[in-house]
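Down below are the structures I want you to see.
One chain, chain A, appears in both complexes that follow, with chain B as partner in the first and chain C in the second.
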Partner chain A sequence: MNVAVLASRATPPATGTTGEGRRTLQLVLRYGVLIGVGLLMLYPLLWMVGAAFKPNREIFDSIGFWPQSPTLEGFVEGWRTGTEHTFGTYLLNTFEIIVPKVIVTVISSVVVAFGFARFRVPGRRVLFALLIATVLLPKSVLLIPQYLMFRELGWLDTFLPLYVPAAFATEGFFVFMIVQFMRSVPLEMEEAAVIDGCNSLQVLLYVVVPVIMPAIISVALFQFMWSMNDFLQPLIYLSSVEKYPVSLALKLAIDVTEATSWNQVLAMSTIAVLPSIVLFYAAQKYFVEGITVGSVKG
Partner chain B sequence: MSGKRTRRRPNRAAAGIALALLPLALLPLALLPLALRAADASYATPPPQPVELRMSWWGGNEVHRAQLAAIRRFERRHPHISVRTEYTGWIGHLERLTTQIAGGTAPDLMQINWNWLVLFARDGRGFHDLESLAGTLDLRQFDARALDMGRVGGRLNALPAGMAARLFYFNATTYAKAGLRVPQSWDELMAAGPLFRERLGPDYYPLDLQFMDVTALARSWYVQRTGRSLIDEQAQRLTARVEDMRDMARLYQRMVDEHVIPGARERAAHGYVAPEEMRPWIDGRYAGTYQWNSAIGKSVEKLAPGQKVVLAPYPLQAGARDAGLLYRPAMMFAINRDSAHPHEAALLLDFILNDPQGVRALGVKRAVPVSRRALQVLAADGLLAGLSWDGVRQVATLPNVVRESGYFEHARVRDGFIDIFEELGYGRIDVAEAGVRLHEDVNRILDRVIH
Partner chain C sequence: MYANRAAGTAYVLPFIFGLAAFTLFPFVASLLLSFSDYQLQDPVSTASFVGVENYGAMFADRTFQKSLGVTFLYVFVTVPLKLAFALFIAWVLNFRLRGIGFFRTAYYLPSILGGSVAIAVVWRYVFAGDGLLNQAFEVFGAAPANWLGEPGYAMFSIVLLRLWQFGSAMVIFLAGLQAIPEDLYEAARLDGASPWRMFTSVTLPLLTPIIFFNFIMQVVQAFQEFNGPYIITGGGPLKSTYLLPLMIYEETFKYFNVGYASALSWFLFVIVALFTAVAFWSSRYWVFYAQERGEGK
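Entry: the complex of A and B
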C-alpha cells in the first residue's frame, strides 16, 4: 500500500494536476449547469409545494417558495373542499377510473400490436394506416357523437365511458409504440417457441411480453398520467359530484366572481401529483428504456 | 425456413383475427361494475311518488356551500322532492352544458349566463317558458327590465338571479397619497394620469384595464355620446360608423398616452394573470378597476392590508341621456324545456330566488338579488351593504334605458374587439387603422354569428 502511495506521488506532478484539475473543472461546470437548469425547470413544482403551505395572501406577495408564515390551512380546508365530500372521495374516484383503464389499455394495445407486427392479416396496411389516422384526429371532434352513443347505452354518469373504450385499443399511439418495439425484437425466439409447441397466445405471453416489458411499462405510465390529468372527458360524462375525479375536483373551487383560495388548490394539487411522481420514479428505468428503444430501433 | 413460413401463414392469419377480436372478449369484464351498480340501485328504491330533480350551477367554494344549504332547506320543506346537484367551477361549465343540451340530457334547473341565451335560445324555444309556470314561480317580484333580459322571441327563457353592471371602483388610499379625490368625471379621470406620474412615479396609474374592459369602457363612452346601443341585432351590424370606431380607438390611445392606464407592454410585464392577482393592484399602484359590481369582492379581498376601495360616481359626458351601462344579469336560471317535472323545478327556483329561507342561505354570495322579496329579507338582515350594494344603488340613479344586444358578449365578437385593441396596444397598427378594422372586422363577425 505504501508503495502504491509512493508510486502515485512519484508520478510526474505537473501534467497530473493540470489533467485532474481540468477534469474537476469540467465536472463542476457540467454538474453546475445540470443542477442550475434542473432547478430552473423544477422551480414551478417546488414553488407549488411551498405555496401549499402559505396563507392565501402570501401567494401573490412573494415569488420565493419558502413560506414566511407556514400554515397547514390549505391542506385542511382543501381536503374538506367546498362540497359535501372530502378530497379523499375524489382521489378514490380517480383510481377507480385509472386502474381499470390502465389494465385494459395495456392488454388491448399489446394484443392488437402483436397482431399488426406478426401476422399477415389481409388489409393490414390499410388498417394500420387507419389506426395511425385516429391518432391525428382531434379528440373534441368525437365528443358529441360519443356522448350520444354512451347516452343510448345508458352509461352516462358512470365511469364506463371513461375506460371501456380503452379496452378496444383506441389509443393508436400506444399500439404504434408497441409495434415499433416489437419490430426491434428478433423473430428467432418466437420461432423457437413455435417449434417447442407454443400457440400464438403462448408465444405472446411467454416470449414476447417479457421482452417488451419496458414498452408495456411506458404505456401504463403514459396512460396513468394522461388519465390522471384528463379533464374534458370526466367533465362531459360525469354529472354527479360524488363521482368526480381529482382533475374536476381541483377546478371546483375556481370561479370568475369569487376570489380563489389558491393555497387550497395548490395543496390538493401537491397531493394529487404524488402518485404520478412515485410511480414514475419506481418505473423510471424501464420507462426511459421503453421510449428510447422503440424510437431508435424502429 | 421460408417454406415453413408460407405453410404457417394461414394459421397465423386466423390467429391474428382471433387476437384482434380479443378486446371484444374484455367487454363483459369491463361491464361487470355496471351490473353490480344496477343491482345496488334497485335496492335503494325511494318511497312512492318521489320526484328527483337535477340542478346544475357553477361557482366557487362559497357558492357551492351556500347553494347546497339552500337545497337542503328546500328538501326539508318538500320531502317528496330530492335534488341531485351537479356543479362545477367556471372552467368547462359551458362545454359540459353544451354537450348536455345537444344530447338532450340537460338538468331540470340550470344556471346559465346571459350571453348563453344567444347560443341556446336563438329562437326563444331553447328553454321552458317560465311565464307558463307563473302559478308556481312568483314573477311579480321581478321588475319589467329584469324580466325583459330573459325574454327571447316573446318567451321568458331565463330569470336573472341578480343584475350587474361594470362600474368604476378606485383605490382611495392611493388617490389620497396623490392628493386627489377619486375621479367624478371623464375629465378628472384623464387629468389624474399625468398627476399620478408626477406625484407618485411612473409605476402608478389611476386605472387598470384589460382589453376586455377597454372594449366595455369604449362602448359605454359611445352610448353616452350617441344614445344608441352599439349593436343593432336586426341589421346584424354595429350602429357605429367607422369614425365612431376610430374615436373609440383614439380614446384607448389617449388613455395610454396620458398615463391613465398602463400600456399593453407594461401590463404584460406582470404576467398573464387575473387583474386582481397582479402585484400592482395588490399593493395599490394600479389604483382603479372597471369591474362588475357583482365581482368587486374578489378584487378587494386580494388587496394588501390597509387599503380602501370605493365606488366612484359614474362619469357622464355633457348632455348624455344614457350612462351606457352594460347592465345585465350576473347570472340566470333556466328550466329545461324537456324536463319531466317543470313544476317542481319552478318550485325550487322560486325557493332559491323568492323564499326567505332560500334567500337567506344564499345571501349576496352570487350577486345582489333582483327579487323584491329577497331584497326585503336581506335588508332586514342588514346584509345589504358593501361595494356591490353601493353599485346597485348607483345603477338605480343613473339614466339607463339603452338595452345592449347579447351578441356584444358573444365570445367571437368579444375576441374580435380584443384582438384589434391588442394590436393597437402593441403598436402593430395605428389609431386610424384600428378604427377601420374595428368597423369592418366586427361587422363581419356580427354578420356571421347573428342568424
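Entry: the complex of A and C
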C-alpha cells in the first residue's frame, strides 16, 4: 500500500506515458491475481473430474489432471457401488426428496411473503423479526427435539421429515428474499387488478407471481442446491441404505472403499456435482441476484 | 396495502404454524431436555428432571473444553480470513475489467458446491497421505506432511475448505462495491486522495452495512460447521477438529445422551446469540447508512 501512495505522489497529474505504464502494470497485476487465484480454486474440481477418468494407479502417480490413459472404469465400477443398489437408486432418492421440497418451499415462501409484504397482519413486526431470528438460529439447537417429534409421528426412515417442514416456510431466508423483492415492485398493477375486482389470491397468482418470477427462480435454485448438499438431516433420519440420497451414498463409499478405488469415488462425486454445475452455469444470474437482494438492496 | 387483515393473516398462517411447530416448540423442548436425564433409545416419558447437572458436567468435561476451544479457533480463523479475502477479490474484480463475469462465476462456483459431500470427499483425498497435496509437495521437492493425521494440520485442511468458498461473500461485496456512486470517487480524486485513502475513506465506510451482513452470516454459519469435520477428519486427530456441532451429534446419536447433548446445543445457541447481539449492538457505532431509512415501510 505504501508503494502505491508513494507512486501516486511521485507522479503528479498522471499524464502521458507514465500514466499509461502504471495503468498497464495495474492491469497485469490484477489479471495476474485473478488468474492465479482462479486456477488454485478450480484445480481441485478439475482434478476430481480428471481423476474420475484415470485408472486408479495413475491418480497416485501424477498431479496433472489430464488422464494419460483415460478409462471409464471408475464410472462403471463406481455406478455399481459397494452396496446392493446402483448409484442410480441414490440419485433417484435424492430427487424424490428434492423435488417435493423445492415445490413446497416455493409455494409456502411466496404465500407467506405476500402476506408480510402487502397486508397489515396483526403482530407483523414481531413475526417478521422472528422470521429473521430463525435465519440466525443455529439449527443444532432444534435438531434433537425435531428428531424426537418425527420419531413420535413414526416418520423415521421416511423422506417426510426432510421436506414437510419446508411446506411451512421454515426457511426464513427465502421468505425474506421474496419480501425484499416484492417491496421493490411498483404497486400500480396490483391496485388496478383490485379495482377490476380481483381478490387477493387472484392478484397474487396473476399479477404478483409473474412479476416476481426472478425471485421465485432464485429460491428454487438455492433450495435445490442446498438440499442436494444436505447431509446432516438425511444422516439422522434415514437408516436403510435403499433410501439413501447421494450425499449419504458418497460417505458410505469412502468408508467402504478407503484407500483402494479413489477413481470410483471421484467418478461418483463428479456425477453428484454435475447437476449443480449445469444449473449454476445455466442460471448464474439468478444466483447472483438471489444472494444480493437480501443484503445490498435491503 | 390491502385492508383485509383476515386475508393477510391467512397468508401468514403457514409460517405461524411452522414457527410454532418446527422452531419455537423444539427450541423450548431442547431447553427442557437440557435439564433432564434422558437416553435416546427410551420413550420420551422416561426423561427425568436433574436440574443443572448436565451443565455442571459440561464444564467439567475435558472433551467439551477441547471442543469449545477448537470451535472458537475455527471460527476466529475462518471468518476474518474469508471476509478479508472475499473483499480483496471483490475489490480487484470491481475495476471494470474485461471478463469480470467469467471470474465472478469461477470464484462463486465453489461456494455453490462447497457444502456438498462430494467436495468434502475430494478434500479428504487432496489432503490424504498419498493425496494430491503431498504429490505436489514431492514434485517441488518439499517434504510431505501428514495433513489429516496431525492435530495442527487437520484443522488447517478444514479451514482451507471453507476459505475456498469465499465466493458467496465476494458476490455480495461486489454488488455492494458496484452500488457505490462513481462521483464519490471522482470527488475524492479531485481532492487529491490516494488510492489507499479512497479505499479507507470512501469504499470501506460505504461498505460497512455489507460487511456487517456478511460478518453475521459467516459467524452463524461457521459455528454450525459439521460436514467438514465429520467427513474429512472425523473430528480427530486427538479431537483437534472436534467442533461443537459434531460433538452434539455424537453425544446424541452415538452415545444417546440426549440431556447432555441438549445442554451442549443450548450452550452453542447462547454463544451464537451473544455474538449476534454484540454485533447488532455495536453496529450503531461502525455501520454507516447513507440515508436513514424509515421504520417499517
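By our rule, the second predicted complex is superposed on the first by the 234 of 298 C-alpha atoms of A that agree within 3 Å, B and C clash if a C-alpha of one lies under 4 Å from a C-alpha of the other, contacts with A are read in each partner's own complex, and residues count from 1 in each chain.
Note that in this section a residue touches a chain if its C-beta (ideal position, glycine included) is under 8 Å from a C-beta of that chain, and two chains touch if they have at least 3 such contacts.
Everything numeric in this text was worked out from a predicted model, so none of it was measured.
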Which of chain B and chain C A:M228 touches, first, second, both or neither: second
Which of chain B and chain C A:W47 touches, first, second, both or neither: second
Winner by number of chain A residues touched, once chain B and chain C are compared: C
Partner chain in contact with A:F119 - chain B first, chain C second, else both or neither: both
Which superposed partner A:V241 touches (first chain B, second chain C, both, neither): first
First (chain B), second (chain C), both or neither touched by A:L148: both
Touching partner for A:F168 - first (chain B), second (chain C), both, neither: both
Touching partner for A:L252 - first (chain B), second (chain C), both, neither: first
Chain B and chain C footprints on chain A, overlapping residues: 60, 108, 111-112, 114-115, 118-122, 143-144, 147-148, 167-169, 194, 200, 231-232, 236, 248, 251, 253-254
Chain C residues touching chain A - in the complex, by the definition given at the top: 1-5, 7-19, 21-23, 25-27, 29-30, 33, 44, 89, 92-93, 95, 97, 103-110, 112-113, 115-119, 121-126, 130, 132, 135-136, 139, 164, 168, 171-172, 175-176, 179, 194-197, 209-210, 213-214, 216, 220, 223-224, 226-227, 230-231, 244-245, 248-249, 252-253, 258, 261-262, 265-266, 268-269, 272, 276, 296-297
In the complex with chain A, residue positions of chain B that touch it: 8-9, 12-13, 15-20, 22-24, 26-27, 29-31, 33-34, 37, 54, 56, 58-65, 68, 84-92, 95-96, 99-100, 102-105, 107, 276-277, 279, 282, 292, 294-295, 297-298, 301-302, 304, 330, 365-367
Complex contacts: residues of chain A adjacent to chain C: 1, 4-5, 8-9, 26-27, 30-31, 33-34, 37-38, 41-42, 44-45, 47-48, 51, 60, 62-63, 108, 111-112, 114-116, 118-122, 124-125, 127, 130-131, 134, 136-149, 152, 165, 167-170, 175, 183, 187, 190-191, 194, 200, 225-226, 228-229, 231-232, 236, 246-248, 250-251, 253-254, 262, 265-266, 268-270, 272-273, 276-277, 280-281, 284, 287-288, 291-292, 294-296, 298
Touch list for chain A against partner chain B, complex: 57, 60-61, 81-84, 100, 104, 107-108, 111-112, 114-115, 118-122, 143-144, 147-148, 151, 155-156, 158-160, 163-164, 167-169, 194, 199-201, 204, 231-232, 235-236, 239-241, 248, 251-261, 264
